[in-house]
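Got some structures for you, see below.
Presented sequentially are two complexes of subunit A, the first with subunit B as partner and the second with subunit C.
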Partner chain A sequence: MNNNQLSKPATGNSKWTKPAIAAGVVVIIAILPLLLTSPYTLHIFILTFIYTIAAVSLRTIITSGQFPLAHGAFMGVGAYGAAMIAKWLGWSPWLTIPLGGLIAMGIGMLIGYPFARLRALYYAMGSLFFGMAIIYVIWAGGSWTGGYSGLTGIPPLFPIGTSKVPYYYFFLGLAVVSFLALYRFEFSRIGINLKAIAQSHLVASSVGINEALYRVLAVGVGCFFAGLAGAGYAHYTLVLSGATFSFMATLWLVMYVLIGGVNSFIGPIIGTFILVLIPEFARDLKIYVPFISAGILLIVVYIMPQGLVSLPQLIRSKFFERGKSEKVTNAP
Partner chain B sequence: MLLEISGLTKYFGGLAAVSQFDMHVNEGEIAGLIGPNGAGKTTLFNLVTGVLRPTRGKVMFDGNDITNKKPHQVAKLGIGRTFQLNPLFANFTVLQNVSASFHLHPRSSLLDIYFNTATYRNNEAYILEQSLEILKLVGLDGVKEELAKNLPHGYQKMLGIARALAVKPKLLLLDEPIAGMNPDEIDFTMTGIRKTRQQGTTIVVVEHNMRIMDLCDRVVVINFGKKITEGLPKEVRENQEVIQAYFGGEHVA
Partner chain C sequence: MELAIATSTNFLILSSMYILVALGFAFLFNMLRILNLAHGAIYMVGGYIGLFIISTLGLNQWIALLLATLIIAAFGVFLEKFCFRPFVGDFNRVVMVCVAIAVILQTAVNIIAGTKALALPPFVEGVFKAGLVSVSYERIATFAIGAALLGVIIWFVNRTKWGQQMQAIAQDKDGAALQGINVHRISALASFIGCGLAALAGCLMGAYLRLGPYMGDLMLIKALILVILAGIGSISGIFVAGLVLGALDAALPVLIPGAASDAVTVSIVIILLLIRPQGFFGYEMEI
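Presenting the complex of A and B:
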């Protein structure tokens, strides 16, 4: 982890610079529906908001030194949990969306505890198979989950016939609130403890940090927001299929995080926007998306190990502060 | 008696890394635990601090049985330790290494931390003050903004001690604090350790470098997982078995 993100939002002229920029960006995005009225464009933005929540929450788990490969599946847990409760028990989507997050959190923590003993590759593999198992459970769920043919008839968040605009603002708001919650989590002593564990679990536990507790906490919080995003997705698309939350979905979330920059809070947000929006604006290229993404990933790995977030800094050091460029490139 | 180890045994497969080991540490002393490489010194520390579970035996600390406690529970009871390798949070600054190590005293609840309450802010202010004091004590206040991984070896080891002090330990276990150091670094570190003891901390120091004996009130010698002898540094230095273990009829270790 880059140290300057540890306790203070570094660089910038005053402590208000970053919040001001962030608020400015949110305002611009909030104005967009006035300019871009096409339902399809709004739809793409809505999906982007949903996936940024999942990507940012995935990174929260990664800061604790765990690399889970089940985050897409936990979106699925939230999505199916919320959809099924709303459909079969008739609960309001306004309740089932947070509930979807809580269900994902519960299952995440339950499985996170035994997994807290696993490290590195073993953790990744263990979570990978757990994620796949979740999808099989969904497929095996018969009429409860809709099985292979998918779950339909999910109650919508807003009355049927509502335009995309309320959804746009709902998910923008949900994303902003989620980011604020996760930002506070990361930049408090809780996040510092997680980063300490990631750097050396031996040293961290020798100063009294309960490693298992903190790792499970990180997984719980990460899964809550994945479930929240998934539950929102369910009450927006109204149709669910297990394939949406398969291993591929997880891999895309990992790509968003890696390409945007795993060491920076806004990295996954930038990564998601770029990887979702670029193919949409160049629609002829859509079938090449996996190739383009792989290409971007390679470029990022070789030139910007800190992810796309470091691009401005990289340009600055390459062209304006010659001789200082090693500062950017000797990433951990 | 602050620490009492009795009959401690640890098998790795069929090999006894530590066998029937007894040792005690009195309050306020610096006890040395010396022995050649591979003698079982670090294993012993790992057994005491809960990183490893003993096969047999018992460890009492300050009236508590800590035999099967986990590392964070042992830290909570007041044992701080350093590590031979991997001694710090490499990507934190020196100051952050120490302040991050203040997990226990004072301790903020998760809710206090998350909601940034007055309790949490006061605790953090206190931690910052204490961290700077510890850095001054061990002589690292001049490099507090450096990244830990960029420090010279001797400073890194000293930072390991500073980190362990943040636990406010009654007992401090130092694992090879002067290994691989040049004479200047050794002097720097030994001064730091002496100052730490003056603050009232009991210390057990593991080393294979015999120079450490200058610090110790009492020395225990271990080889092949067994205690060979114990006594005053002067006595141990002249003990035939120790000379055998160290020199073994061959060249100097």
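Presenting the complex of A and C:
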């Protein structure tokens, strides 16, 4: 669990290589709607953007040495918060989407403070139980939350009848802005302090880092973006049900992060794209599709110890540097 | 009166089943630090295998119970050897491999049996009557099997050589290996017993309630609650936590309807956890 490392210095090249590659990828994704006009394909990409925001924000919390199993539920808090305000108070979705993020952030920080007492596995399980409690409250909410039958009649972000293209660009923009913010956060002074806490909370507090404060801060930032993603989801799909944000949804978010590689910022993005898009391309197999997801998980687990991001390094060390002693290291 | 008896038998049965499943989970967890998220799926598959043996092969229910337990227990040995042992000490990969196993098992059951709810035939017919009290023999048998097995497990862990070796490994794996304990063999044994217990509980609950491909998720969460409330490393604490959770799950739905009772149960569990962050009988542990 505590295998976060400080970022390694970039090997060679100029400092503009990585931003240039990232910008190129964003441009390619931005011109995709011109080539792929099928609404279903766009729908899958929109969902992928939403889940990448949640996965990357989940990784932000993991870098602080906490392993939350309530992130899907916090997406649900943002989604239901935004949807209920928009539906019952009639506020504009442009206002309720950031508000959904703030609600999730508030609840995350409120619960994060007492939970800062818990460490390691006890924290993971405590957050899991809290996520369950959120889902049960949603189910028990009666007509306010729609209960078991789900919440319908949520105002859409763009007028009804609009094609998927505006949604595509909105969520692409939201994702890019979220990534920039979270990247900046991770390599800020606060982010470095979080990594110090993850490595050793005793050493970190001995040099004057307020452990509880920073852990709550990490949870707040992570939950804000989870809530944002959930609120966007609510105003995009217009129908919510508690099961969308249940324990299994959380577990899949964790899988997106772990399969990509928890040690690198790009990991959760790659992981989400792989685990959402590949099963979707094989959707003709219908009920056999979960086997594909499980197969991808098993391949990554047995072959790539550090996740998909370690694949280039793995190939290099296996085929091109056979003589050298440098190997892909397992968990430190 | 009727309600009180139904609630108390529910309490006894739920407690014993929760404890059976959680004990299997805790064996693996205490010894190898394997967070077996596939345990719920294994419990579910146990019930379905029992049903398959009864309905398709037409064997006696008791033989089916035994066979299902043995098959899943053997599967547990396979899991320990190929899925858990390579990843001991690497939390992230253990979680990934367990989720993959759970997804594969659930999808397989979904394809073979479908999502419709099935049930095992009752193990014992008839109703026990004494004055105002009437309890079906099925419930008595379920509880009796559960309680007897728990007694056997306590005896096994505390009094036999293998059980004491398991405790030694749970305390200190390297130290146990230095004393000449075959850690791999004892781990395989723990996985054998743990998965077998889960399958047995799956068969009993399949007859008591119903079978469904996703019934394991709920049971996994109950097992996690028991292990965490008891505290990591504690076996006796699981019994106390199991009785508490069984009482909550049996009594609260009578008082509060619907999902609100589950919300109250989970809230009580969270408060208990916050009062004692390292569990009630365990110790704090870094993984």
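Note that the second predicted complex is superposed on the first by the 313 of 332 C-alpha atoms of A that agree within 3 Å, B and C clash if a C-alpha of one lies under 4 Å from a C-alpha of the other, contacts with A are read in each partner's own complex, and residues count from 1 in each chain.
By definition in this document, contacts are C-beta pairs under 8 Å (C-beta built on N, C-alpha and C of every residue); 3 or more make two chains touch, one makes a residue touch a chain.
The structure presented is a predicted model; accordingly, all values stated were derived computationally and were not measured.
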Partner chain in contact with A:Phe185 - subunit B first, subunit C second, else both or neither: first
If touched residues of subunit A are counted for subunit B and for subunit C, the larger one: C
First, second, both or neither for A:Val203, with subunit B first and subunit C second: first
Partner chain in contact with A:Ala133 - subunit B first, subunit C second, else both or neither: second
Contacts of A:Gly90 with subunit B and subunit C, given as first, second, both or neither: neither
First (subunit B), second (subunit C), both or neither touched by A:Pro312: neither
First (subunit B), second (subunit C), both or neither touched by A:Pro159: neither
Doubly contacted subunit A residues - partners subunit C and subunit B: 1-3
Touching residues (chain side subunit B, partner subunit A) in the complex: 49, 51, 70-72, 75-76, 80-81, 83, 86-93, 96, 100-104, 108, 110, 113-114, 116, 120, 124, 147, 163-164, 166-167
Residue ranges of subunit A in contact with subunit C within the complex: 1-3, 67, 114-115, 117-122, 125-126, 128-130, 132-133, 136-137, 139-140, 147-148, 247-248, 251, 254-255, 258-259, 262, 287-288, 290-291, 293-295, 297-298, 300-302, 305, 330-331
Residues on subunit C engaged by subunit A in the complex (per definition of touch): 35, 37, 86-87, 89-93, 95-97, 99-101, 103-104, 106-107, 110-111, 217, 221, 224-225, 228, 232, 258-260, 262-263, 266-267, 269-270, 273-274, 277-279, 284-287
Residues of subunit A touching subunit B in the complex: 1-3, 6-7, 184-185, 188-190, 192-193, 195-196, 199-200, 202-211, 217, 332
